[in-house]
Amino acid sequence: MHYRKYLMSLTKNEKTRACSGRFLHDARFRSYLAQATVLLVLIAALSYGGYNVVHNLQKAGVTTGFAFLDETAGFDISQTLIAYSSKSTYADALVVGLLNTLLVSALGIVFSTVLGFSLAVLRLSSNWLVSKLATTYVEIIRNIPLLLQILFWYLAILAPLPSARKALSFEGIAYLCNRGLQLPRPVLDGGGNLVALALGLALVVSFFFIRWNHLRQRRTGRRFPAVLFSLVLIISLPLVALACMGFPLHWELPVLKGFNFRGGITVLPELIALLLALTLYTATFISEYVRSGIMSVDRGQKEAAEALGYQPWMIYRLIILPQAMRVAIPPLISQYLTLVKNSSLAVVIGYPDLIHVFAGTVLNQSGQAMEIIAITMADISLLVWLYPFS
Amino acid sequence: MSQQWIPKSAQPCPVTEKGPLGWMYKNLFSSPFNTVLTLLGVSLLFWLITPLVRWAIIDATWVGTSRDACTVLGGCDPGACWVFIKVRFQLFMYGFYPEVERWRINFAFVLIAFAALPHLIPDFFAKSWRQYLRVALALALIAAFFGLQPFLVAAPFFLAPFLLARFSLKERVVQGRHPILVGLAASILVCLAVSLSVRAIWGDGGAWALGLSAALLVYPLFALKQLSETVWRWNLLCVVYPLIAYFLFVGDAFGLVLVETHFWGGLFLTLVVAGTGMATAMPIGILLALGRCSKMIVIRTLCIGFIELVRGVPLISVLFMASVMFPLFLPENMSFDKLLRALIGVAFFYAAYIAEVIRGGLQAIPKGQYEAAEALGWTYWKKMSVIILPQTLRMVIPGLANNFLSLLKDTTLVAVIGLLDLLGVAKAALADAAWLGFTKEAYVFAGLVFWIFCFAISRYSNFLEKKYHTNYR
Amino acid sequence: MVTEQKEVTADEDFIVISGLNKWYGDFHVLKDVNLRVKKGEKLVICGPSGSGKSTLIRCVNRLEQHQEGRIIINGMELNNDVKRIDRIRQEVGMVFQNFNLFPHMTVLENLTSSPVWIRKMPLKEAEELAYHYLERVKIPELAHKYPMQCSGGQQQRVAIARCLCMNPQVMLLDEPTSALDPEMIKEVLDVITDLAGSGMTMLCVTHEMGFARTVADRIVFMDQGEIVEQNDPESFFSNPQFDRTKLFLSQIISHNFS
Amino acid sequence: MVTEQKEVTADEDFIVISGLNKWYGDFHVLKDVNLRVKKGEKLVICGPSGSGKSTLIRCVNRLEQHQEGRIIINGMELNNDVKRIDRIRQEVGMVFQNFNLFPHMTVLENLTSSPVWIRKMPLKEAEELAYHYLERVKIPELAHKYPMQCSGGQQQRVAIARCLCMNPQVMLLDEPTSALDPEMIKEVLDVITDLAGSGMTMLCVTHEMGFARTVADRIVFMDQGEIVEQNDPESFFSNPQFDRTKLFLSQIISHNFS
Amino acid sequence: TTLDVVKEKGYVNAGVSGKVIGFSAPDSQGVWRGMDVDFVRAVASAIFDDPNKARFTPVAFKEAFAALQSGEIEILARNTTWTFQRDTKLGLEFVGPLFYDGQGFLVHKDLGVKSALELDGASVCTQSGTTTELNMADYFASHGMTYLPVVYESADEATVIYDTGRCDVYTTDSSALAARRTILSNPDDHEILPEIISKEPLGPAVRQGDQQWSDLVRWTLFALITGEELGITSENVDQMLTSENTEVKRFLGVDSDFGQHIGLSHDWAYRIIKHVGNYSEVFERNVGSQTALGLDRGLNALWTNGGLMYAPPIR
């Protein structure tokens, strides 16, 4: 018996292959041959190209390097998630751009996924109007260059907003104007650790709570609005912690000083427009991928689920979508990657993303085209590869 | 005592839809929620469309030839200034293509439009009189608008399938064991013979190209098993047409003036890039997808590597590489056209995306389909091309459409290689000192043109989807 | 259970089908079908291939929409009211001719997911139930395999078990024994007759005349979309009324004893 | 036909299976199977569900790779030689338990595509052939429907016709009558025995003992991946050698006459 | 050498920005217009005696160096600011300033700002140009002011969005400010501040390492200026051939052959003036007071008129 298992673990058909006389027709030999050929051709092409590159670069006398990253940038950026000023280095500018891209693309992916999946389901809805509305939406948005849509939303958002001096005031706490949404910023005077601790605790608790709820649902069939509960928890626990310390917290309110608001947090209109355009646009693509996935699921599956008495949403959630994903996942991932890359269109409306800041301004300043393009491409690939794994 | 059983005769199906009112009730107002939705939708449309119509049509300026037509008239409530578009309409369409040569572009597009129709809607043209009508119409149009010489080119092009079909082969010409090799050898010989003799008689211009076309016509004679009208039509469309189009666009042969790609632009360029991109990315994408699902580890790894690499970089960087970095990879003094490099870049870039779409579809084909085909004795390539891929492609039509639409819109990025497509021309127009300040018009126009083409593609994909969907599910 | 909203009080008739007509495009599949099934009755539908048997029972489950006629189940008419269809479907189980198992779930999940999600049964209980039925159909060891890894007969048994796990009031069985060997048919038969004893109503399409004879309270013979004849098994086999039925039966007899 | 390159001369044995072992993961499906089939012989394989019948005939077609043992068909051993596998497959037709029709082709295209693409038969001829077989299985009117629009039994008949259109030397049938009504079984039986007369070798998995009895030259009984007993039908039914076989047969008898 | 390559190709290929008013943009007939464009035409005239043997390829600044290096273009004429780093670090060689510019500010009148020094805390719109962002940062930092930069890709978007009130200030090269102002929805609500905050000598550049070619391009620029100094225009250049002025004679190559030192014929300067005109003509044609930009000569006047335009003697 052990011998059998051993044999079994060997690659298949070790024995029978030995009997084969004709080499050329052997499946494995053939595949080795084909693969070896391809590999050889590839290596040859690469080394030829490589040789040429070296040769050409030598001739042109070009030398390259990344030392410029430590030089002072000398320009400012409108949205910085880390501390940055015109005295920071190019490397800092790179990080700022990277974080901005990360922010907009992460939000975009989340929103467009939700919207895209809903659109796909709506388009397949039996309600004529709903499905036609969804179709119309897809047909309009999908077919106009994203660049123009970004511009459109940017202008559409800016147009009705008042200027800074006439900003819409929300009780003097928050303001809305064409400089963006001005929000108060919480500043802790002390006890930050405790609040952070409370927040962390709330997060952990809600994580386990949601899992527990899931298990319980499987166990007892009963469900509990766990997400809502954890939201409440996450908000209230830090508040309680603060209350215990007698609110050692003050809000830095945005105030109009001179031309603009100072203090507080500013949500740039560029960010909003870019996010809006990216989300609306990408959602149409996602919805089409998901729709083709849904339609590829054998009709019998839906029938079986219906016959068992599943509700429509359960049919989608439990039966159809899991199977549709086989078809949809590869192109969906491509689409997320495209979203990240598309966020570079931010340049037209002045949102300081990676491409804008680094492959734009920094390149203009330093002129190190090759290095900068290389770094940018590497960064984008990195970003793009982070998403599927997270 | 058994009774005779007589089956009832079949009745026709009752008609359930009763008039437009019934339809509206059923589809728009069947429930309060639906009614609210309908009303909301209608008012939304109204709210969106009215100002647009006012700006674009009612208040717009249509006549005039200079900037003053718009500024003088539009005192306080300016509508769109379509004069701006009108005076540079040609530029938007053809870019910097020399004016006297523009008929070549029109001619090529008329050719492709009429030649591709039967492939796009085969059901409609299944009846042969419609085929004849199509050809007659095309030739009449060409004779009327382009004159004799183009007509002389178009006539054989359109008539060839009919004529050649008469001599179509039922059997292979050469009954050898390696039809493909024999076919290749024969075509090379023919190519050499034709081009050398043309060179001897008329001189250099277009000799090699004529030889090439002759070879391409000869090849199927040897390689294909049967030749029918369809085979000829595909051959003309995929082999002969590109050649014709190439000579029309580029020239430098048959008495046509050379127009370098440097002068291409506008919608013309957009369509050329998008068209060749789609036509080439699709087969490469299919191969990549098959490679990615292959059992051979090296090929699979290579395909995965390529696809992931391409998906990780922006198209603009690919074009940048293709246009400025690529020469570094070639030996000195060797270079080829920048547009061609960009086209190759676009094709491979989108091939990777299309490969992913197709891979998704391949994953959903039940194992039983492969097994059934194998059990019937189908070999790998036949199995893939006749059984598996048709099912896959039908399944992923929306995804393919997605990619084609992206590709069409991404042609804008050829700006990287210094060419101005439709949007590029529109942007450049904004810097014309004589016509400052018509940003909206330029963008709206470009957006509209893009939208029309994209919409056509997306409707067509919908049509295909329905056509193949209702058939079996 | 579905008790409110009785529209038509049809004595004890649990399923009432009257004047049912159905077309696929121009093809008239079901012609004026009238059928009444009492609660707890076991009905076997037989007939030549393509005669519309599957279509008929699919209509009962609203998997196909009929164009004319009425179908009333437990006093509720099948119409476009989605809520009602949902409720009816929970009580009407179905075993498909080609099984339609969920390929992305293991056998056990196939069996438990519906009780858990729809009947809100605790998972433990559902699993116990599932194992119970798996044992009844003799495949407890397959619980953690995927459907695609099971043989044809095994899949069919999973499909039957899946349906039973929902403990429906009516079962629609579309050739539930086609992939089973005679031994297994007997097992399944036992399971089903057990349930039959517990008052479950059953509509069963089958080609197994032996099976039909054992199970049925009544046999319905269909051809070309019509009900030709219906009778209790004894009379049906020994004394068919129509020549069509006779012809059909003669083939079985000659075939079985050849 | 496949005549050259005979490696093993096995008298008239058309298919020789010796010492065949196959595992799915850790699961030992086929245990030391030995089987010889003569040219023109009709072999019926029966046995309880899950006993490895399908797997066995799928191995003959190289749809599954075996891990140990040899399979020799018409003197050619099944191994990794792709060309040879292709040639063998062209001569070995198969009807699947779940049909596996090509959903994107009409019934007619399902039938003609293989002769046209593989056998290089002119389309006209292939269509004539297809219609011939469609008439034999009584569904000429379905030629232009798609498989999904056919009833279960109709699909099964299409599958059989598709296999016949390739005019193979060996046919592997995996429960070819599971979805058919008794009438139709007879028709199909006729078609198959017709072919049988013309010297076609047949391996048929079936649960229809009547069918088995009529068709078979020899019956092979499998259980748990092993061949328990093989015998000619008369002796098999009247005088089984093993307890296991007896038990199995007793179920049929009791079931058929219940 | 580059000149040989150009002669063999039969045209000069220049990288232009492609969308800067008055410097390079195609007009409604698809003909390129602008100062940069005319300069390239001057080079083509000098070499081929035909201004139409010039080609224009729009390039972004980031591609410019690579394009020059790979031989894609021979001249970079995209009103690039001549700075130390660019000249020394990037393998570019600037041949001289074709246009002296400086960065200025455009503001909404209702802000009541009269000087750039009052702009503390303002939002500033600009396009990612050649050096605009840096100048802005320097200016605000050196005056101890803060600001919020909003940087767009192109001037058109920047203008349109400045118009919506997104920014208090719009800054760019002052040559363009006036023209930009005219296309705002209400030009009178805006004003240009007096400050010019930077030096922007805009000029063509060539690849480093080919002395003959850079000489040729540089002296083409000087020829334009010299033409104006000598009062030679495209109209009177033929009469000037018979002029007695030795300087004119030398310039037009009547009795000298300076062209040979840069690989050209003796009448290279004549060709330039004949086909393109002198600097003043180029200026007036593209950005002068009769055009939409409506600039006066200012710094770009001849040194004799108080400007900076000064050409070394041709002798």
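Should a chain be cited, it is by its letter among A, B, C, D and E, assigned in written order, with residues numbered from 1 in that chain.
We take it that a residue touches a chain if its C-beta (ideal position, glycine included) is under 8 Å from a C-beta of that chain, and two chains touch if they have at least 3 such contacts.
These are the chains along with the protein names UniProt gives them: A, B = Probable amino acid ABC transporter, permease protein; C, D = Probable amino acid ABC transporter, ATP-binding protein.
Just so it is clear, the model here is predicted, and its values are computed rather than measured.
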Number of steps on the shortest touching-chain route linking chain A and chain E: 1
Distance-maximising chain from chain C - centres being C-alpha averages: E
Chain nearest the overall Cα centroid: B
Chain at maximum distance from chain D, centres defined as averaged CA atoms: E
Chain B-chain E separation of Cα centroids, rounded to whole Å: 42
Interchain centroid distance [CA atoms averaged], chain C/chain D, Å: 29
Mean-CA-position distance for chain E and chain C (Å): 86
Between chain A and chain D, centroid-to-centroid distance (C-alpha), Å: 53
Where chain C touches two or more other chains, by residue: 98
Touching two or more other chains - residues of chain B: 320, 325, 327-328, 473
Sequence positions of chain E contacting 2 or more other chains: 63, 66, 154, 157, 160
Chain C - residues contacting chain D, complex: 24, 46-50, 54, 97-98, 139, 149-154, 157, 174-175, 178-186, 189, 207, 209-211, 213-214, 247-248, 251-252, 254-258
Of chain B, residues touching chain D in the complex: 170, 225, 366, 368-369, 371-379, 382, 386-387, 390-391, 394, 468, 471-473
Parts of chain A lying in touch with chain E, wherever the complex brings them together: 60-62, 74-78, 86, 151, 154-155, 158-159, 163, 178-179, 257-260, 262, 269-270, 347-350, 352, 356, 359-361, 363-367, 369-370, 372-373
Residues of chain A touching chain B in the complex: 31, 34-36, 38-39, 42, 49, 52-53, 55-57, 59, 127-130, 133, 139-140, 142-148, 151, 285, 288-289, 291-293, 295-296, 299, 323, 326-331, 333-335, 337-338, 341, 344, 355, 370, 373, 376-377, 380-381, 384-385
Interfacial residue positions of chain D with respect to chain B in the complex: 58, 61-63, 86, 89-94, 96, 98, 100-104, 113-114, 117-118, 120, 122, 146-149, 162-163, 166, 172
